[in-house]
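My structure is below; once you've seen it, I'll send some questions.
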Amino acid sequence: MFRGVMESAKEFKKVVDTISTLLDEICFEVDEEGIKASAMDPSHVALVSLEIPRLAFEEYEADSHDIGIDLEAFKKVMNRAKAKDRLILELDEEKNKLNVIFENTGKRKFSLALLDISASSVKVPEIEYPNVIMIKGDAFKEALKDADLFSDYVILKADEDKFVIHAKGDLNENEAIFEKDSSAIISLEVKEEAKSAFNLDYLMDMVKGVSSGDIIKIYLGNDMPLKLEYSIAGVNLTFLLAPRIEG
Amino acid sequence: MFRGVMESAKEFKKVVDTISTLLDEICFEVDEEGIKASAMDPSHVALVSLEIPRLAFEEYEADSHDIGIDLEAFKKVMNRAKAKDRLILELDEEKNKLNVIFENTGKRKFSLALLDISASSVKVPEIEYPNVIMIKGDAFKEALKDADLFSDYVILKADEDKFVIHAKGDLNENEAIFEKDSSAIISLEVKEEAKSAFNLDYLMDMVKGVSSGDIIKIYLGNDMPLKLEYSIAGVNLTFLLAPRIEG
Amino acid sequence: MFRGVMESAKEFKKVVDTISTLLDEICFEVDEEGIKASAMDPSHVALVSLEIPRLAFEEYEADSHDIGIDLEAFKKVMNRAKAKDRLILELDEEKNKLNVIFENTGKRKFSLALLDISASSVKVPEIEYPNVIMIKGDAFKEALKDADLFSDYVILKADEDKFVIHAKGDLNENEAIFEKDSSAIISLEVKEEAKSAFNLDYLMDMVKGVSSGDIIKIYLGNDMPLKLEYSIAGVNLTFLLAPRIEG
């Protein structure tokens, strides 16, 4: 069996919004500790990983299950969540459905057909990164939107003093400079100057669910995949993005 | 002559918004008692009926007139209403126009050409219904939007204890359950268990003008048309929708 | 050199929004007094002229320069301005770029390629107008939107008592009447009754940046181009629009 109750359907909606822009389907690995899932995007450029510890739930009860879900349908359902809805996720083993229930005045139940997919074997690798930047989520997100005006990729640069997001179009260019003492920077730990280019669409998809107040942890190296980490509603999200080879 | 003044153009806009999604044109039957109109939608599935008693107007003066109006044009005009505009409707018999006037700072006058159509002979039939549900308008409206995710029709069910809105897609399904004691239910009078399917697009069009605070009266039977009633800005709206024969 | 600092990027955005709907590119004539620019729209129906006195800047320093800018790119950049951003415009002569910088937490810099265009020789002619109407910007703007429902041109009429905006479609028509004592009218100086028709799209483009609180000065005659004047964020905008010959 599996049944989990969350306080805010609206918050969990952000998680589903984010992963559904990168993935078409996902296999939630459920057990008594909580929920885990990871998958490569269809073009194998980005890795998405999420972890929902049982503590993120108000109530939680589960045996081991692999629950395959079509994320397009899940996103449509979660978009129907209202501000004060509680969220109940429950497995209906008989009907082979995941019930998504919004509780408020009245009870709105959606039953999603399970997909026959198995858990991904791709996990986030344990890599040591020379540089870690903690930045306010909205500042990072806005800088990416700025970059999107003139380019489809972005260069992230870090040195001891600052974190820079740079985009270069054919005619025009753009640069967001976050000095170490900027109020947007929570911490800037740089052991080795780094500069790498990344696909902008993927990066923007990865931070889709971030809202003001959220903090993003950026792991940046040279010739290394970018790693992003943040939490929404007690759900830990990790993303890995291969660097772009500049032409 | 005909001249009527309403306090809030913005409220009356909701009425026009609603009927204009179902009808292309309408004939307002005006007399000293107020205004009446009824019409079938072009595909003859839904009946729309409205009644504006003279008390819904701040000022009202009228002889008998049939005023034929193109609802697309009327809707465009009403969409220009601002929050504090008063509304004046007046017949210009000489120019054969209906003047729609918004009064606030300045006076904005729109003159709509009259259509040469006559009053519909189709009226809401006097049918006795076994079941009457009074429900908060926004709760019903949201349940219909939920249903719209996976299906193009909806099954309404009522028994002594609850009112249920059910939609079934090829893979996924959805159900909104309103228990008798739910705060969304004002009253639930059920003499005979009922279950009927209805076209979802029509139903959503019928409640388009409903906003939070409005209450909808639902008359439901077996193999009977659905009847909906509610009021906006003193205007009484009634809708009849033929049941869908399930395949 | 050229460097100017403005308090509110968001306000200046409205200026760029407006001129970029009418013009593709512009040449800013910068000198120690401030900035000037004027240009005909591509179809030579409308003249756009702007003047930014150095007093509109918090800080200002400039030699003589002609700065040619692609307005599509400038508009995209200005649309990225946030509520509390300060705006810095600065010429990078070495790289041949105009830097547009938003300062808030962090610093976001956009570098726009300069265009090789020269200052327009077309200036606003010194014409004496018989009638001058000062009207609240939003009232005028809304009246134009009303007119847009049924027609693609608008007739402006002024006499001693009122200013009227009239639009006539094939079937329906519209009229906004501003009496001399209307709260929307600041002043109405009429020496000669006037009535002229103008293209509605151009007129709406010209007042695009106007928001509630702004006041528009309308110069109206018979068989004369319409002249509009207003200020946003210390920037003086003037527009000239040729009258439409009614068919």
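Order of writing sets the chain letters: A, B and C. Residues in each chain are counted from 1.
As a convention for this text, contacts are C-beta pairs under 8 Å (C-beta built on N, C-alpha and C of every residue); 3 or more make two chains touch, one makes a residue touch a chain.
Labels paired with UniProt names: A, B, C = DNA polymerase sliding clamp.
As the structure is a computational prediction, the values presented were derived from the model and not from experiment.
In terms of which chains touch, the assembly is arranged so that all chains touch all other chains. Counting the residue numbers used at the interface between subunit A and subunit C, under half appear in both copies, so the two copies meet with largely different residues.
Here the C-alpha atoms of subunit A line up with those of subunit B after a rotation of 120°, rounded in steps of 5.
For the pair subunit A and subunit C, the distance between C-alpha centroids works out to 43 Å.
Along subunit C, no residue makes contact with two or more other chains.
On subunit B, the positions that touch subunit C within their shared complex are 70, 73, 76-77, 80, 82, 97, 105-113. Residues 136, 139, 142-143, 145-146, 149-150, 171-179, 182-184 of subunit B are the ones that touch subunit A when the two sit in their complex.
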